[in-house]
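In structure tokens below, several structures.
The following pair of complexes shares a single chain, chain A, combined with chain B in the former and chain C in the latter.
On to the complex of A and B.
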């Protein structure tokens, strides 16, 4: 009885996901195997053109560049988020700090990007200060650079990294760090060999929460980037709006979805790991094999 | 503290969802269609900011009706919305090539000129140019214009009123062109003395090479979204773009700093039209609206608002109270962009090469 009721409760959720996620995704799969219509739609004719176009040199070049940019932005984001999350978890004013992390989201994402354009512009806030203090003679080009793209990406996605890291570090038993010190580990060793292995789920979640949206970034490179900031998201958007190639847009989007799904599957295995058998755990945590001996599990 | 950890996790998820939905442009407002048969409502689907509110209000007042004014930001958006059946509109404002496409697809009603008393005001020269719809069988011309080049006089000094301005190395990193392949490649084709509708792959390739080797290295970006802002804020001192967008971003006191010109070689010309959809429930009122637009004083009011030359309406030219940003004569060397059908793929390929920049 109880079990049946449980299924019933899941009903609305399943219906919702089917109608608004599974079905649209299947439509995209279907479109990717059709011929491109002349004026933006599709012809009802089976075709592999959209999948063949995936291997073109232009696309490979854009994908590689997007991957590198996303990786760099994600690593910077994590490097900033890790100490922040740690400090928040150890703070007595967690609620206030959490609120401060969330406050930027009270303003629309695009508005915040436009704000950065005002800050970084040739006649913007930063250049104004630099000119007034005499540090530079003429405006520096800060906006429309690759650096501006990285800066704004890191700014936008930092909270996504801080929140899961905070949540994991908060659950960490800090007495383990003291124990490690007592057993002769240096401060750094205690952090690297005890803290990090124990919060690896949070680190990976933070990685995915930042890497995935940055990999699909569209507005940020478009608005604060320059000639060379063309990313995969912009490429896909151009295929849809300029080349009117719906099947190619579909196959590209599916590729990105596929890569993303793999990442999420790995995350789910990592997070499920503590409740699994030791060997399954060990397989996933191969990288941390050396550290596992010290882990407090 | 466990409780807060959960909150943090949920918040992160919610934020991830919220931001992914903010990534694209805001969707065009819906709500055109499905009202019941209310005779006193006219549904218009138009470009963002393309008919001044004052004009709409005057029409509403005079005829005692309500105008529902929905907007789109590209022909593609407009077309896909209509094709998906999200119609219910009476009048739509497509650009030239989309008139052809929509007429071919059987989406339009023929225009009965006898019902437009002000058809006599429409420039016959423009109608002759309207090869996309010979004799304007399905469309009433609304406006003809072209993108041009805005130059910040203070920063640039002397310059030639030609597309060659983008080849100037001394302005490297301070210029931008539209992120629009038909516009930029069309300019390059015109610069080389070819047609903006060229379909010979070798010729298009030659134009693309000019863009890639001579122009692109000096550009800050290809931008069709924020070029007006970038120009106003001084990120760029030379911008290819639309006059109305450039000047909308500048306070009127600064207009003197700007020279806007249509390069002497000419470029792609656009004509936007009013068309009557097949499913229109307010045909009568729709004719009244199109006729209203071509009243000389109303057309002049529209042009004054944007500082447009009165390209589509001849008597309105004498009624303008403002000096337009460019003149009808300057458009002389421009050539109408036509629908290229399958050949669009040629442009798409070279444009992709330019943007990826191998």
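On to the complex of A and C.
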């Protein structure tokens, strides 16, 4: 009979993540029910102010807007990623295509955002071309707009959707499509009724890997947006670093955490047969790591 | 030579689904265009976006006139390797424990080994920032290190756990039967077997650490600039074409890393 050394092996990890993950999250929960201190910090006095502030019309508007922007960006991303992943899976040059997707994906996130600042700026690439060809008299305002935020969000998170879709479609048996065609289905019918139901898992995974980070986006709206395109992430950062309102920062962070968690629960419900839990969690996490684990975000 | 998967593709390719070809080409073009624009401008003689002639002066300036950048780079490397090593050690042991034994906190280990990966980065950054402020720890390289170990741990745990799933426990039993003690079994049998998982965990951790901006931004203090933080300040407060040159070198570095790994890229994406 071997001794049970599970706690010994996992001990350091339990200790580390309890101190640096669980406790900070609990502190956030606690802070959200305290009163704001005069000079930053908190006063040890119970209060619902921070939660009431989440319900103000201004913040509801920002939340709704963040949700809508995340939805639109995610849908555009998936609309591009689905045919791309499909074509990559069917191609004879899979490795080359993967390389072409992974190199931009591995390139530093801020440099990819910066590239768009160069392209869209007032003296940037696009305006330079437009001015030289005489199509416009003075440069257009392309950067620091809502459109720029959407474009760059789609750009940054495209590989997060392409990679899980590619890997799911790659495992799909394409002869099923031919069978459908032989039985009289049109190409579109074969795709919609045979391919899509079979790659549902990949589609849900791609949706979440795009939606969750976009819903928590901070750097992209800050760098290529303006005050009107600020998202929840920017409000959280401003409350923490500028207003120094810790309880409000905490309640806003929990709001984002709730939406994220609900998204994950819906995914698990939709994706899985009745019998699943730890395994499905692990599979989703594995996909997420594959998309994430090479330095994106 | 007959290869079923190739035959399958050829068979379908009679029936070209042109829509997907067009979207795929446009999407990949869209992904690459910004990188090409940066590369072109890095050789522009002028500071502005107008092309005035070929020059390599921004590369010279990058190497000889940017000491702050290289200091930030050094900080990034130290933190990446340090946090990667610590996360790999702790995460590997955790994964071995969770795979081999049933214990009371196993469910908790699996949850904390999963949740930090899916919460938006800003939540981790903000909660750690408040935590460090709460316990009075001064923000700096040390807090960045602590934060990086924390967000890297779940990735190592996941990658090593995947390896442990394929683990053949009979060799552990054999080691015990042959008289090996727990430490010998761990170091001579278990660890060498799961080494590929440990290495990919470590490399993933190093990459994530080198790349991270959002979490680092919230837990950094004065004087603790990492490369992404330096790039951020360059982008936000005064763009110099030096950053174009830096981008090109970093993209080239990525490509050089990806090309020898190209045979594994598929496993990587499929994992």
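Some points to look at:
Just so we're on the same page, the second predicted complex is superposed on the first by the 246 of 297 C-alpha atoms of A that agree within 3 Å, B and C clash if a C-alpha of one lies under 4 Å from a C-alpha of the other, contacts with A are read in each partner's own complex, and residues count from 1 in each chain.
Keep in mind that, in the parts below, a residue touches a chain if its C-beta (ideal position, glycine included) is under 8 Å from a C-beta of that chain, and two chains touch if they have at least 3 such contacts.
As the structure is a prediction and not an experimental result, all values here were calculated from the model.
Once the two complexes are laid over each other on the shared chain, residue contacts for A:136 go to neither chain B nor chain C.
Of the two partner chains placed by the overlay, chain B and chain C both lie in contact with A:121.
By the touch criterion defined above, A:83 reaches chain C but does not reach chain B. When the two structures are aligned on the shared chain, A:268 is found in touch with neither chain B nor chain C.
For chain A, the partner with contacts to more residues, out of chain B and chain C, is C. Residue contacts after overlaying the shared chain place A:68 against neither chain B nor chain C. Contacts of A:181 after superposition: chain C is touched, whereas chain B is not reached. Shared-chain residue A:238: touches chain B; no touch with chain C. In the superposition on chain A, A:48 contacts neither chain B nor chain C.
In the superposition on chain A, A:109 makes contact with both chain B and chain C.
Counting contacts as defined above, chain A residues 94-95, 98, 102, 108-110, 117-118, 121, 123-124, 159, 163, 166-167, 170-171, 213, 216, 218-219, 223, 233, 237, 240 meet chain B in one complex and chain C in the other. Listed in rising order, the residues of chain A touching chain B in the complex are 38-41, 57-58, 61-62, 94-95, 98, 102, 105, 108-110, 117-118, 121-124, 139, 141, 143-144, 156, 159-160, 163-164, 166-168, 170-171, 205, 209, 213, 216-219, 222-223, 225-228, 230, 233, 235, 237-238, 240-245. Residue ranges on chain C touching chain A, taken from their complex, read 6, 8-9, 11-13, 15, 17, 19-21, 23-24, 26-28, 30-35, 37-38, 41, 48-50, 89-91, 93-94, 96-98, 100-106, 108-110, 112-124, 126-131, 134, 146-147, 149-150, 153-155, 157-159, 161-162, 176, 182, 204, 207-208, 210-214, 218, 228, 231-232, 235-236, 239, 243-244, 246-247, 250-251, 254-255, 257-259, 262-263, 265-266, 268-271. Partner chain A is touched in their complex by these residues of chain B: 1-2, 4-9, 11-12, 15-16, 18-20, 22-24, 74, 76-77, 79-80, 83, 101, 105, 173, 180-181, 216, 219-223, 225-226, 229-230, 233-235, 341-342, 344-345, 348, 351-353, 355-358.
Note for the complex: chain A touches chain C at residues 2, 4-14, 16-18, 20-25, 27-28, 31, 80-81, 83-84, 86-88, 90-92, 94-95, 97-104, 106-119, 121, 123-125, 128, 155, 158-159, 162-163, 166-167, 170-171, 174-175, 177-178, 181, 187, 191, 208, 212-213, 215-216, 218-219, 223, 233, 236-237, 240, 246, 249-250, 253, 256-257, 260, 264, 278, 281-282, 285-286, 288-290, 292-297.
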